[in-house]
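So, here come the structures, one by one.
In the two complexes that follow, subunit A is the common piece, with subunit B as its partner first and subunit C second.
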Partner chain A sequence: MTSPLLSVENLRVEYHGASGAVTAIPDLSFAVQAGESYGIVGESGCGKSTLLMALMQHLGRTGRIAGGRILFDGADLTAATRRGIAMVYQDPNAALNPTMTIGSQLAEVPMLVPGVGKREALDRARQILADVQLPNPERVMARYPHQMSGGQKQRVVIAMALLANPKLLLLDEPTTGLDATVEAAILDLISELRARHNTALIYITHNLGVVAQVCDRVGVMYLGDLVEEAPVRALFATPKHPYTRRLMACVPHLGSTKHSTSFLPIPGQPPSLARRPPGCPFGPRCDGFAPGRCDHPVPDETTEADHRVRCIRWAEPGATLAASAAPLAPSLPDDEVVLKAADMSTVYTFAGSGFRARKVRLLANAGLSFEAHKGGVLAIVGESGSGKSSFARVLSGLYPSSDGTLAFGGVDVGRRDVTQRTAAELAAIQMVFQNPDATLNPSHSTEFPLRRVLKKFGLAKGERAISAEVDRLFDLVRLPRGLRRQRPSRLSGGQKQRVAIARAFAAQPQILVADEPVSALDVSVQAAIVNLLLQIQADKRTTILFISHDLALVHHLADHVVVMYLGKVMEQGPVGRLFAPPFHPYTEALLSAIPVADPDAVQSRIRLKGDIPSPIDVPPGCRFASRCPRRIGDICDTIPPPLRDTGEGHEILCHIPVMTLSELQTKKNEFVFN
Partner chain B sequence: MTAIDHLPAEPVTRAPGLLRRLPTSGVAMCGLALILVWVLAAILAPVLPLDPPNKSFYAALAHSAPSAAHWLGVDKSGRDILARIVFGARQVLTVAPTAAIAAYLIGCPLGLLAGYYGGWVDAAISRLCDVILSFPIIILYVILISTIGPSVLNIVLAVVIAASPGIARIVRGLTLEQRHLDYVAAAQLRRESAVFIMLVELLPNCRGPLITDFCLRIGYTIITIGIMGFLGLGLPPPDPDWGTMVKEGTVMISVHPYVSLFPAIAIVTLVLGFNLLADGLRELALKE
Partner chain C sequence: MRDRLPVIVLIARKLLSVILTLLLASFLVFAVSEFSPGNVARKTLGPYAPQESVDLLYQKLGLKDPLVERYGRWLGILLGLRADPLQDPALKLNFVDPRGARYFGNFGYSSLYKAPVNDVIWSRLGATAMLAGIAFAIIVPLSLTLGILAGMREGGLLDRTISVFGIVATSVPEFASGVFLVALFVVLLGWLPGTSPLTTGGGWPVWSQLVLPVSVLVLYDSGYLVRMVRGAMVDVMNRPFIRTAMLKGLSFPQVVLRHGLRNAMIAPFTVILLQINFLISGVVVTELVFAYPGFGRMILDASLFGDISLIEAATLIALCVAVTTQLLGDAGYALLNPQIRLR
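Let's look at the complex of A and B:
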């Protein structure tokens, strides 16, 4: 075997802050071969980024490498040898200088090498932009970062890293903030570039699906330890460490829904670095914890060639729980229609820029029509910019609709915003927001919003009744009552989102609008929140409108799915029908972009070109025509497509007849979820 | 459900509030010490063994320089400069914070209204502030005081008119930042009144930058009062006023520089105290 490109031996990283020293990475060893793609997964706070920073020798003023060594290309890693390593950061907005054009930023990299002139550097920049498949490199060079979309910016950042001709490319969650469709295209690009340049990758992510798609070998990191390391297939087929198994139990699996299984969240959260347990780091959260054995330091064990695990009980059968749990007896939708949107439209009007008085009209929702049944989960999916959140704002009353009706219990509420709705109407439709850090006021205790809701809607009278009700709500969302008087800054993201759910249920709503409630959370927390929502729903028969861009999750929990694009419903139907052909070409593209947590999954490869167009000038024909991979001709651009009914409430808005779609799509391959 | 309910949630550790961390900042503590010296002197002035500030010691005029009897000397009317400075501190330390608080009472609501409602309310308030802020500040003061006459109340009024637009701007910016955050939407969805949202949901989150600005603004106000005294628009005589004292000393500055020098030092140290405190607070806020 040849010597590895990068070899990390007994690495120890410490942070020396004002409050003493903490060990972020106690003792870490792994190796990456030339041209290999190595994935590192784990929850946030597990030392993944610290490891990358140690490799970049960028630990800041407080961090230091306190032991072990890093060999790169057979020599100690120093400032000089580090030249062969390049990094792609998570947030492309922070990685690019907003005051410089793309061209001049890229040209800076080759010019670091003495003797390379400006002209040559610009030539190389142009070439590399073509390499990362940005159309029209010449024009891209002249643009500023703010003139580009998130996906395009991330391509530029990758281009910039490639300009250094790295042998090893470090990627720190490069697709986390991006839409699934854009993510899929970036992942394709990374795989392709890797094949062409034989660059090795270290890919850090919390998304098991992404790991399954792009990595050869995977290390699972927990509290700075590599608890398991294996080739990707072996890891997904036979995960050995309880942490790995629990992580996998937190993500949706092929063919499973809420009726067949439920997620198995990992209890608690990783402890802070200062409170590292004495033995196995995962011990306190592990259901197979054996006193007297697991609280001593655990050695690495090699189970098979290339598969090592740091758990003394890995070989004992039944030492830990199974990888999934029984379903939660989820609520089923009944025939009663709670919410009915009929041709509902939302228009935002902006003043024109500068002194021009002409108003700009933005059609955020164009003629939405669908129904939500009592006790069901209606999922609304689509890329960002498709009008999902606008609909949520109209439904909850934050913004009035402009046309059509949105009937709740037979009464149109769409045209009336908060100030015009009755208290009962407001209480009946409650909302859970996306960003856990913005959902609670940092100045007030966690119980404050709950109390205000109870008081404003007159649901509990008197201090004792209110206090008892707040306790009950904390129990409902399974938060310790002791957190009642804490400020939100002392809560983790998942706990904040639980408070937000308690706040919504304080009003005893009939409809809960959940706008991407879990997309900002770690997978383990995500699983717990989804379970919680389903469980409360089963008790209270609340109707949930679940807005999400995560189709795998939607497949798990939804009863009925609405696919939106540019403010219009492209396809809708019961979840079983929607995830099987025939699909709308847009749904097909969304499905093929799901990062499936299974390295053996066969997925059709449909990639959308470009980005979602501006909703200010919408095309006269089909809104999706400009990006549609199955566009049939000019008819798509000029004539609005007809709504085609395939039965069971499954509708597709497309010029292509259902039969043809069906043939085209089944011939290609079976979709992974069925 | 699962064991998740039974595991105690580990509190996310975070540094305590700004004011509780104040002792960790050397700069802020220096500033606070300077301010406290002056505050103590001002409070204790009546019981300290000082000469009466407005009494003339004609015998001392022959040797007006600092001496054992009059530590900082006497001015041209034979009044003890030390006593006048200490009693002057009483004046300045009541007028400056009062004026700053009054300016906040006007500026905060204006900023909240502009930031919360936006649209024409914002346009009207912002343009009004622009108009006031476009005046050179000293000229504005001179015009105001010479029109309405020098008195404690008028100085406060002048500071309010000159300072509240700046405060309104800060508050407007901070409000705009939060205006579209989810907790404001959540408050609207439970039909809280606009006044409640502005005062209870938005204003408390502005406190960090506002505490810093408040300290700085007291410093500015002390300078302003000094300048107005120097220009002859200060607090009416014979009560001691630092700015007026500096001005009186300039007549014989080449012979008896200390007459101007000591009140000037008083102004500098007190303003420095407030500025250091503000700097320290700002650094602490950034460290968070």
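Let's look at the complex of A and C:
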């Protein structure tokens, strides 16, 4: 075997703060071969980013490498040799300078090489933009970051990294926060560039699906330790470390639903770095913790050729994993219709510009028609910009609908904003939002929003009744009562989201609108929150409106799915029907973009070109026509497609007949059934 | 994406809004100073004038008319559409303006200085503009440099030193630093004059009379601005795109100059321009300490005396300065921050 491109040997990284030193990475060793794609997975706070920053020699003023060494290309890694490593950042919106044009930001990189002038640098930048498949590089060069979409910006960030001609590319969650369709296209691009330039990759992510798609070997990181390392197929086929297995049990699969299995979330959360357990770092959260064995330092063991694991009990698999999770007995929707949208439209109007200001009309929801049944989960899916959140705004009374009705309890609530709704109507529809860090007021205790809801809707009278009710709500969302008086900053993301859910259920709602409630959370936390929602729903028979762009998750928990594109319902139906052919071409593309957490999955490869177009001045025909991979001709642009009913409430809005769609799609989508 | 409007339309629209602002603001100024009509006649004539003259003036000026109507007449005089009734010889006020009774920009007659407002106000404004201009020309580069040096490495020695200077400089009031500087450079060392009448009668050249007032203003104002700029710079240096720039391999000065500077200017820019307003009409204390014949002191005197015409004129001029800086601010902001589009 040739010597590896990157070799990390017994690396130790410490942070020195006001309160003394903490060890972020105690003793880490791994190697990456030239041209190899190495994935590192783990929950947030497990030292993944610290490792990257150590590789980039950028640990800030408090961090330092306290032991071990990093060899790159056969030599010690220094600021000079680091030039062969480039990085792609997590959030492309933040990673680019908002006040510089793309061209000048890119040109800085080649100009670092002595003797390269501005003109040559700009030429190279233009060329590399074409390499990352950005159309019209000349125009992109003159743009500022805010004039581009998130996916385009990430392509620019990748281009910037490539300009350094790296031998090793570090990718720090490069697709987190992007739509699945955009993510799929970026992953394709990365694979293609890697094949062309033979660049090695270190890919950091918490998304096991992405790892399965792009990596050759994977290391699982927990609390600064690499607890398991194996080739990707071996890892997914026979995960050996209990942490790896628990992580995988949290990932939604297209093969299972809430009725067949439930997620097996990992109890608790990673301890803080300062409180590292003496033995196995995962010990306190592990089902197979054996006193006397697991609380001593655990050695690395090689189980097979390339498979390393750091668990003293790896050979006793039954001992380290609780019996597989039984379904929670989730509630089934009954026939009672709680919410009915009938041809509901929402129009935003903006003042135009110029002296003769023409009003600009934006059709955010175009003729939505669907029903939500009591005790069921209605999922609304689509890319960002598809009008999902606009619908949530109308339902919660933040913006009035413009046309059609949105009937709730015999009243058209769509036309009545929050100020016009009765207290009972307000209490009946509650929201849980995407970002738990931003939804709680940092200066109030966690119980404050719950108390306010209880008082405002008169659901509990008197201090003792309110306090008892708050306790009950904390129990409901499985939060320790001791957190009642804490500020939100003391809570983890998952705990904050539990507070948000408790707040919503404090009002005893009939409908819970959950707008991407888990997309900002780690998979392990996501699994716990989803289980919690399903559990509460089973007890209370609440109707849940689940807005998400994660189709695998939707497949797990929804009863009825509505697929939206550019404000219009493209397809809807019961979950079993929707995830089997025939699909609307848009649904088909969304499904093919899911990063499936199975390296052997055969997935059809349909990629949508470009971004979702502007909803202003939409063409008269099918809204999806401009990006549709199955477009059949001019008819798609000019004539609105018919709504085709395939039975059992499954509807597809498309010019292509159902039979034809079925035939086109059946062969390519076996993975859906396995 | 919507098309950009032609620049000419943007400018026209901006000007229209400026004129509207000025009209509204001048009405407020007029209303506040002339709301009680009896006062106007009395103040114009002074406390010892007989009641008959006051009554006559009351008649002559039509002070019984509603406020809006009187404002219209006042505006007419200001724009040169009407003659100033106070200059009517029949009133025996002896208000004479060599420019005539009817011209554009007629601010009326100052009862304090017994001269047309236009003869009083411009020299005062000029003196203050000189003081403000020199101070501003020092304050801005100084506080930008210090603020950026402090903010580029938060918590470093340079940062702590500059921050302490900033706090000390802002917390010492102008009169205190004025007295302190006078004690040092005038009384003890005798290098500089203690007053600044801007005449050479005392044997000191004019430039030397400017040194101390400018120093006081620079000390007081730059302390505040340094802290503003430092804060913005610290904020920018913690943004992820700075990390991107560093990990690209740029040197630290390159990172600061190319990626930090412009972003760090965006937030303090408006505040920096607001200092012009402060320097023009808010430096009364400094002008008093150094007996400087400036605009701020004139406003103070006019207010204490009750010189309505002068107060109105001065306020209106201060307003124009404020509106102009605002315009400059909007334009500069749009140049600095490409995410802002002029509307």
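Convention: the second predicted complex is superposed on the first by the 658 of 674 C-alpha atoms of A that agree within 3 Å, B and C clash if a C-alpha of one lies under 4 Å from a C-alpha of the other, contacts with A are read in each partner's own complex, and residues count from 1 in each chain.
Basically, a contact is a pair of C-beta atoms (placed from the backbone, for glycine too) under 8 Å apart; a residue touches a chain by one contact, two chains touch by 3 or more.
A quick note: this is a predicted structure, and the numbers were derived from the prediction, not measured.
Colleague: Would you mind checking whether subunit B and subunit C clash or fit side by side on subunit A after the superposition?
Modeller: After superposition on subunit A, subunit B vs subunit C: clash.
Colleague: So, does A:58 touch the first partner subunit B, the second partner subunit C, both, or neither?
Modeller: second
Colleague: For A:405, decide between first (touching subunit B), second (touching subunit C), both and neither.
Modeller: neither
Colleague: Would you sort A:98 into first (subunit B), second (subunit C), both or neither based on which partner it touches?
Modeller: It touches subunit C, and subunit B stays clear.
Colleague: In the superposed arrangement, does A:89 touch subunit B (first), subunit C (second), both or neither?
Modeller: Only subunit C; A:89 stays clear of subunit B.
Colleague: Tell me which touches more residues of subunit A here: subunit C or subunit B.
Modeller: Here the partner covering more residues of subunit A is B.
Colleague: Between subunit B (first) and subunit C (second), which, if any, makes contact with A:660: first, second, both or neither?
Modeller: Once the two structures are laid over each other on A, A:660 reaches no partner at all.
Colleague: Contact-wise, after the overlay, does A:144 reach subunit B, subunit C, both or neither (first, second, both, neither)?
Modeller: The answer is second: A:144 touches subunit C but not subunit B.
Colleague: Using the touch definition from the top, say if A:109 reaches subunit B (first), subunit C (second), both or neither.
Modeller: second
Colleague: Please identify the positions on subunit A that touch both subunit B and subunit C, taking each partner from its own complex.
Modeller: Shared contact residues on subunit A: none.
Colleague: Residue numbers of subunit B touching subunit A in their complex, please.
Modeller: Interface residues on the subunit B side: 1-14, 181-183, 185-192, 200-201, 204-205, 207.
Colleague: Going by the contact rule at the top, pick out the subunit C residues touching subunit A in the complex.
Modeller: The contact residues of subunit C facing subunit A are 1-2, 5, 9, 239-241, 243-250, 258-259, 262-263, 266, 336-339, 343.
Colleague: Touching residues of subunit A toward subunit B in the complex: what are they?
Modeller: Touch residues, subunit A against subunit B: 264-269, 271-272, 275, 284-285, 287, 325, 396-398, 418, 423, 426, 430-431, 433-435, 438-444, 449, 452-453, 456-457, 478-480, 483, 486, 489-492, 495, 500, 503, 507, 528, 531-532, 535.
Colleague: Under the stated contact criterion, what part of subunit A meets subunit C in this complex?
Modeller: 56, 58, 82-83, 87, 89, 91, 94-100, 108-109, 112, 144, 146-147, 157, 160, 164, 352-355, 360
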